[in-house]
Every structure is written in structure tokens, then in C-alpha cells.
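There are two complexes below, and they share chain A, which is joined by chain B in the first and by chain C in the second.
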Partner chain A sequence: MDRFFEALFLGLSSGAIYALVALAIVVIFRGTGTLNFAQGEMATMSAFVAWIFDDMGVPLAISVLIGMAFGFLLGAATEVSIIRPLQKKSSLAVFVATIALFLGINALTNGIWGTPPEESLDSLFPNDPDDFVRLLGTVWRYTSIGALVVTLAVTALLFLLFQKTRFGLAMRGVASNAESSRLVGIPTGRVLAGSWGIAGALGALAATIVAGNNGQVTPTMMFTVFVYATAAATLGGLDSPGGAVVGGLLIGVIENVAAEFSEDWVGQDMKLAVALLVIFVVLLFKPSGLFGTAKVERV
Partner chain B sequence: MPIQVKQSSPGHWVIRLVWAAAVVGVVLYIPARTQLGTVGDITVAIEFAIAAISLNLVLGYTGIISLGHSAFFGIGMYTTAILVVEYGWSPGWTFYMAAAVAFVVGCAVALPALRLSGIYVALVTLSLAVLFPILVKWNKLEWLTSGPAGINGVAYEEIPTWPFVGELRGRESAKFFYWLGIVLLVIAYLVSRGIVKSRVGRSLIAIRDNQTGAAVMGVNPALAKTLVFGISAGVCALAGSLSALRISLANPDNITISLIGSITFLLVMVLGGAATLWGPIIGALVYVLIDTRTRKAGTSGEGIINTVFNEWLNFKTSPASFVLAVIILIVVFVAPFGIVGLLKRLANHVIVIVPRPAGHAGDVPVLATEASADVEEAPTS
Partner chain C sequence: MSGDEHATGAALLEVTGLRAGYGQINVLHDIDLSVGANEVVVVLGANGAGKTTTMRAISGTIPRDGSITFAGEVVTKSAADSIVRAGIAQVPQGRGTFPELTVEDNLRIGAYTRRDGNAAVRSDIDRWYTTFPRLAERREQRAGSLSGGEQQMVAIARALMSRPTLLLCDEPSLGLAPRITQELFAIIATLSEQGVAVLLVEQNANLAMRIAHRVYLLETGRIVASGDAATIAADDSIRKAYLGY
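Now for the complex of A and B:
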């Protein structure tokens, strides 16, 4: 049972990160109906920006906030300058543009910060060797608990934003029918730019947590996280924020339990394969995910 | 007022002959007059061109978003490597096997994936691309793929002597792989052209533009899509086989068989021109040009690329991918059909090929380069 709780907790804490990025994916998908393949790379870049300020001696929490602000601006600017004009052309053009952004930002971070020594970033949470509590026979480190708490807090904040504010109402309106929303006077442009901005900030937060847990910012750190997050968003339903969180935590738990109890077949190397298998299975049997709305096509 | 030339009139044939002569001229010129390094670079371009042609079949013409073609490239690479090294096959025969294996895998992936649409297919194929390098490293498959070490020594024991090309041994073998690449490229081009210019191709374009409409008109979308995906996978595997023989190893960390490979194929195709027959070839040549230029700029310390990336941004790696990404972002705005689409639009100011009226008896194929403008409708997914 100890092994199970250990895997469960490991899964929840890494799942929390996936959930954050999955939330970013979902926020954008609800807004513009696109999957932003550059989400992970944008987040990495924001983490580097946070590191730059941290390196200059700015307190860590402030640096992370600056990184998130950068992520917000990067996301919003991308929506305004690239995605919006291209959506008038074709959805394929938007897809190609996000792929090009992925490659471009990846090359940029690799080129500027690529070679060791890599940039070190402290964790937002206490991360000394003795910073843990014992619960249910396993070690629960503060960094992992922190990631979990941050994810839940962010989810709660997003829920309040979506359900209790005018902006959230506008976002929900645009998600359900962009054209009608525009007709009733909702500034759809600002709402969409805002969605991309929020997604960028969420990604930045996730990236700084990942970097803090690893101890350093590396250009490739968000790639697998992004793949896990797409698996999480698919599992939860691409248009369901709650689904993204549940999906992220589930994916984290599934991969860690699989790795723990099937060391021979899965082990550490095949964890990602488990997540990818989840994408396959979910899309085969329930393409709209656990909590997503099934798409009905009108002919 | 542009000159008007009727399709299949003598004037049209003259244009075709001039075009064909120019292409043959370039193909002959490269190994005869350029350095071996350039021949090697062009061979890399040929590999990308074959992969991009195969991707164009599914994405450009049928509108299926595939991010999984690096896996098919890898299947080609590993099939050849395993058959040559473990089973002692002659390399030439492994191409058939590689294409066959990739065809089967392609169809198998396509069957479930094609129940989905648009972005969901992209997700399934994305997982395929990410899964492939993990699978070949998996310890349960080590007996077949040699795990993380990869397979070394994939090579011709003796490079065959071809008529007209002659004996190409030692350093000259770069030219042999160039010619092998040309043969495969011609095959890939003919397969793609054969599909696109036929009844099947028209049904694919119909599926891309309006699947429901196509189904109503009697096209079987599931069958057509599955087959074209399988064929595309088979063609892509040819490029992988060539690559394995050229670099004489199959390595799980090879960047081309990771997701980056799929992305590069896709961008090469978009750069040259989606849904055009020559687009992938032109795109691959331009991509390799960018790659070699930026690589040189990174070391020689000259030129604007070097100034921007080495002195201003202090780049530590080759900026090739970054430059490619920026160019693509410009291309999707100004030239939705890539370089070839742009050239066609310009050429249409000078000369216009008037297509024969529809319903004409007999079936003379349309010349690839001057395909009429009606093919150029925006692909939707």
C-alpha cells in the first residue's frame, strides 16, 4: 500500500503541472478553437524571462510574476498579430503558424540559452532536503505539495473568473458562439486576446514550477510536459477547464502507478508512452473526452 | 494581357519540353559540376522532398493533418537497417519491404484516426511521432532495434555499378546516393502525380473541400483516406531507407525521426507550396539552402545572419530552424500556396494555359506545373 500511496502522490504532484498546462490549452481551445502547439515553448521562454530577473537579484516571487506577465503579453500578442488575421484565411494556416511558432521559439531559446551551464532557478516553495512531511507512509515534499496547491488555487481563481466576472461571461459567450457575441456588443477581439494571454500566463507559471523543481531552466523542459498536457486535455475534454484539471491529475497518477507496478514493461522510460496510449484510447472511444461537449456537425 | 496557350496544343508541348529539359539539366549538372559536399546536401534535400511529397498527399490534397510522418520515416530507416545488418539483405530490396511495412502501419493508424477530424487527427499522429523514438529505445524491443545504441554499419557491401552513372566508390559514393535519391524522388513524384491527377485525386480534393458533399457524390471517404494515408506512409519510408543507407546507421536519437522531423516535413511542404506537385521539392531545396547558409554563417563570421544571431543574440546553435520558422510565418500570410503558388501567380501574368473544356473525350493528363487555378482553393481542415 505504501508503494501505491507513493505513486499516487508522485502522480498528483506531476499531474498538477500537466493540469496547469492543460488548462492553458483548454482556455485557448474554447476561445479560438485552435490547439496552440507552441504553448510549451512559450512557457519555457517566459521561464527564461523570469530567470533573467531572478538572476538580477529581483525576489523570486516577483520574478515569477514578471515571467507570467511576459507570458500574458506573448500570448496576447500572438493572438492579435498572427492567429486572428490567419483565422480569416483558413484553419490550416493557423495550425501551420502554431507549428512554426513551436519551432521558432524552440530554436530561439536553444540558441540563446541552449548550452550548459544552464540557468538555475530556485523553487517557489521550500526545497531543502528536510522540507517534507510524512503522511500515509510516504514522503510528501513541500515542492510537490506546493505545485498541487497552486494548481488548485489557480483552478479556483479561473472558476471565479469564468463564472463571476463580466469578462468571464464574455469569454463563455465567445466560446459558445463568437458571431452572436459580437452582435450583442461583446468585444470579441479583446476577449480572445485575453484568453491567449491568460493561457500564456498559466503556461509561464507551470514552467517556473517545473524549473524550480528541476533546479534549472532548460530549453527542452516543457516539451514532454506539453505532450502530457495534451493527453490530459484530451482525456478531460478539450473544451472543459474542469476536465483539464481532472485529466491532468489522472494522467499523472496513471503514468506513475503504471511505472511503479509494471517496472518491467513500463518503468521510467515508457511513462510517456502510457500517456500517449491514453490519447489513442480516449479519442477512439470518446473523442470529446470525459467532460467535453460532443461536437454535433450541421450539414 | 497574358499570352494564352491551349492545353495540349503544340505551344503547350513546347513549354513542357523546355521545362523538362531544364529539370534534367539541373539534375545532371549537380553531380557533374558541383563539390561532393553540395551533392551530399542536395541528397539531404531529396530525402526531405520525398517526405514532404508524401505529407502533401495527406495534408495538402486530402486535408488530413499528420504530425506522424517522422515515424514513417523512422520505420523506413529501421526496416532497412534491421534487414541489412541483422538479416543480410541486399540494401536495394529493403526499399520494397520498408514501403510495405510503413503502408501497413499507415493504414492501421489511419483506420481509427480517420474517424476523427481536424485537430484530433493531429493529436493522434502527434502521439505516434512522440511514441516512435520511445518505442525503438524500449528494452522489450531491444532484440529488434538494438535499443538506445541504434544499429550501426548499414551500408552497401559493394556499391552497384549503374549504367551512365558508372562506378562510384569511396568518396564518390556520395554521388551514388544522389542518384539513388533521384530515382526514389522520381518514383515518389510519379506516385503523387498519378494519384493527384486521377479520379482518386479528384475524390481526395473533394473530401478535403467538403467531406459530406463528396460522400453524397459517391466517394467512400473512409476507404480513400485510409489508402492515401497508407500510400503516403510507404512513400515516406523510402526517404527513411535512403537516409539509413546514406549515413549508414539507424539511431533512435536522430532528430529527423523525432517530432521535429514531422514538423520540418510539414514546414518544408508549406514553404514550397501545399497542394502543388513541385512544392515539396522546391521547399526542400530552399530549406537545405537556408540550413547550409545559416550553418556557414555561424562559423565564418560574415554576413547579416551572422551579425544578427552571433553578435546581437549570441546564438550558440545553428539558427536555421529559427530562420525557417520566421520565413514560414511570412509565407502563410503572403503566399498560402508557398513558393510554387507564388511563382504560378506571377507566371499567369505572362502566360496562361487554357484548360480544355470539361467533358472532352479522352483523358490527357494535365501538365503538373501549369495545373489550372481551380486546384488552388484553400485547403480546409
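Now for the complex of A and C:
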């Protein structure tokens, strides 16, 4: 049973990170209907920006906020300058553009920060060897608990934003019917840029947590996180923020339990394959995900 | 046939030489029309005559040329959201609702441009619930789950939530049962008594003529006739072409 709780907790804490990035994916998908392949790379770049300020002696929490602000601007600028003009041409062009962005930003971060010495970043949460509590026979590190708490807090904030604010109502409106949104006077361009910005900030937060857990920022640190997050968003439903969180936590738990209890078969090496299997199975049997809205057209 | 005697003085909406289309294709060729305050004006035309394009050009959702003046201000170059702020609300053809949002949120989002506080918005929502009691019963339901007629009511109430002085209605009767259409038209007719002018485009000429003060006939992007509803209805050739008797 201890092994199970250990795998469960490990799963929840890594799942919290997947959930954050999955939320970013969902916020963008609801707005522009785009799967942003560059989400992870944009987040990595923002984490490097946070590192620059941290390295200059700015307090870590402020550095992370600056990184998130950079992520916001990067996301919003991407929507305005790349996604919006291309969307008028074709959705395939947008799809290709986000892959190009993925490659381009990765090359950029590699070029600027890729050579050792590595850029070290502290964790936002207490991360000394003795910073943990024992619960149900397993070690729960503060860093993991912190990631979980941050994810739940961000989810609650996003829920309030969507349900209780004017901007949130506008975001839901644009997601539901873009033409009617213009007709009720919503500046749809600003809403879409804002959605990409929020996603960029969420990704930045996730990336600084990942970097904090690893102790350093590396150009490739969000690769696998992004794959897991995509699986999480697919599982939860690409247009459902709540689904993204549930999906993220589920994927985290599934991969860790699979690795723990099927050591010889899945093990640590094939964890990622579990995520791909989940994407495949969900797309096959429930394309709209667990909580996503199935597209129904009244003719 | 000069039909402008109704719109004496400065009209609320004055459209002259309006041209608009899609890409290289021009649909509207120099349209002139006007709507006076508290007037119900109907534009009749067959499929493809340019009715929807006219609406879109006025509401600023497609590029257009010519001159559009609203309440004394030139709005030809204004973006869709500033046109709503100026006081023009459009009920688009077909589903003008936000299907994933509740009926109540559909009405709230209709008040997006308003800055007069929650209490005023709340009292307007209740006002339209009184006008459309069926929407009050379904306020927590997703708009997409309602019947066609109910969705059209949501779309109209949603448009009225911006407190427009001019309501553009694009074929509200499309796909609805005759009884529902009559109900809707009766409500549209009362709007002009409440200070909202209406510009209605329709294929359903019989019903539309009954609530119209003035009528324009649109054929392949040109206004071919206009006048008082009574005058138009009395014209034999027009009656045969549009009313079918």
C-alpha cells in the first residue's frame, strides 16, 4: 500500500505541473481553436527570463512574477503578430506556425543559454533535504505540495476569472460564437490576445516550478511536460479548464502507478508512452474528452 | 416613388451610396436607405438580393464604402464594437446566440458595452424576461438547448440588452413555425413604441408588411422601389412579385 501512496503522491505532484500547462493549452484552444505546440518552449523562455532577474539578485518570487509577465507579453504578441494574420489564411498555416515557433524558440533558448554552466534557479518552496512531511507512510516534499497548492489556487482564480468577471464572460462568449461576440461589442482581438497572454503566464509559472524542482533552467526541460500536458488536455477535454486539471492529475497518477507497478514492462523509461497511449485511446473513443463539449450543430 | 415622407428631418440612420461585398465580389451597388427614430423599416428581397450583406455592412462586420450616418455621426469606418456603443444592435441570421452559455449569460453578455452598473443591467434582464416569459423559465439552460423560436427570442433580447436605438433584424422568421413568427413580429412591432427603431430584412413579405411603416425592395444589390407600406402593398406588380396574390 505504501508503494501505491508513494506513486499516487508522486503522480499528483507531477500531475499538478501537467495540469498548469494543460490549462494554458485549454485557454488558447477555447479562444482561437489552436493547439499551441510552442506552449512549452514559450514557458521555458519565460523561465530563463525569471532566472536572469533571480541571478541579478531580485527576490525569487518577484523574478517569477517578471517571468510570468514576460510569458504574458510573449503569448499576446504571438497571437497578434503571427496567429491572427495566419488564421485569415488557413488553420493549417496556424498549425504549422506553432510547430515552427516550437523549433524557433527552442533554437533561440539553446543558442543563448544552452552552453554550460547551467542556469541554476531555486525552488519557490522550501527545498532542503529535510523539507518534507510524512503522510500515509510516504514522504511528501514541500516542493511537491507547493506545486499542488499553486495549481489548485490558479485553477480557482481562473474559475473566478471565467465565471465572475466581465473579461471572463467575454472570453466565454468569443469561445462560443465569435461573430455574435463582435455584434455585442466585444473587442474580440483584445480578448484573444489576452487569452494567449494568460496562457503564456500560466506556462511561465509551470516552467519556473519545474526549474525550481530540477534546481536549474534547461532549454529542453518542458519537452516531456508538454507531451503529458497535451495528453491531459485531450483526456479532460480541450475546451474544459476543469477537465485540464483533472486530466493533468490523472495522467500524473497513471504514469507513476504504471511505472511503479509494472517496473519490468513500463518502468521509468516508457512512462511517456503511457501518455501517448492515453491520447490515442481518448481520441478513439471519446474525441471530446471527459469534460469537453461535443460539437453539436443544429441545422 | 419617393417614400421618405415618414423620415422627416434628420433620420436616425442615413445610408447613402453603400457598397459592400466579399473579397473581389461586390454585392451591394450604391444602396440608399434611411430609418427614422421609432420607425419600423422593412427591406424585402429574395435569396441573394443582398439583405444580409446590407445588415453586415451597417453593423460593421464587413468592410464597406459609401456613407453611413447614425444619430448625426458618420460611422462608415467604425469597427463593430464602436457601432454597438453608438446604439445599433444586430440580430444576425440563424443562430445569433451563444449556444454554450446559459440564457442568463447570453443576456448579460448583451450588456457588454454598458457602463451603467449591475443594477441597471439586472433590471433590464428582468424586463426582457417579462417580455419573453419562456426565457425566464429557461434562464439556467444553455441557449443551444432551446428550440429555434426560443433561440431567436434569446438573440433579440440579447441585442436589446445593449439598449440600442436601432435594432437590425436579419430574417427572424427563418425556420420558425408561423405561430412563433407572428408572436415575434408582434413583439418587434411594439419595440418602436418603446423608442427602438427597427430595420428588418425579410423574405416573409406578408408578415413583415403588416408591421412596417416603410418598405424598401432590394434586387441583386440595388434598391428598386421604396415607399410607405400601404403604397407598396397597393402596387399591383410589386404585390404579385413579393406578396404572391
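We take it that the second predicted complex is superposed on the first by the 295 of 299 C-alpha atoms of A that agree within 3 Å, B and C clash if a C-alpha of one lies under 4 Å from a C-alpha of the other, contacts with A are read in each partner's own complex, and residues count from 1 in each chain.
Basically, contacts are C-beta pairs under 8 Å (C-beta built on N, C-alpha and C of every residue); 3 or more make two chains touch, one makes a residue touch a chain.
Nothing here was measured: the structure is a model prediction, and the numbers come from that model.
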| item | value |
| --- | --- |
| Which of chain B and chain C A:Leu183 touches, first, second, both or neither | second |
| Partner chain(s) touched by A:Leu73 [first = chain B, second = chain C, both, neither] | neither |
| Partner chain in contact with A:Thr293 - chain B first, chain C second, else both or neither | second |
| Contacts of A:Ile52 with chain B and chain C, given as first, second, both or neither | neither |
| Partner chain in contact with A:Leu169 - chain B first, chain C second, else both or neither | second |
| First, second, both or neither for A:Leu60, with chain B first and chain C second | neither |
| Contact breadth on chain A, by residue count: chain C or chain B | B |
| Chain C - residues contacting chain A, complex | 59, 61, 79-82, 84-85, 89-90, 92, 95-101, 105, 108-110, 112-113, 144, 148, 155, 158-159, 161-162 |
| Complex interface listing, chain B residues touching chain A | 59, 63, 65, 112-113, 115-116, 118-120, 122-124, 126-127, 130-131, 134-135, 137-140, 212, 260, 263-264, 266-267, 270, 274, 309, 313-322, 324-326, 328-329, 332-333, 336, 378-381 |
| Chain B-touching residues of chain A, taken from the complex the two chains share | 34-35, 82, 85-86, 89-93, 95-97, 99-108, 110-112, 114-115, 227, 230-231, 234, 238, 265, 267, 269-270, 272-273, 276, 279-280, 283-284, 287, 299 |
| Parts of chain A lying in touch with chain C, wherever the complex brings them together | 166, 169-170, 172-173, 175-177, 179-187, 293, 296, 298 |
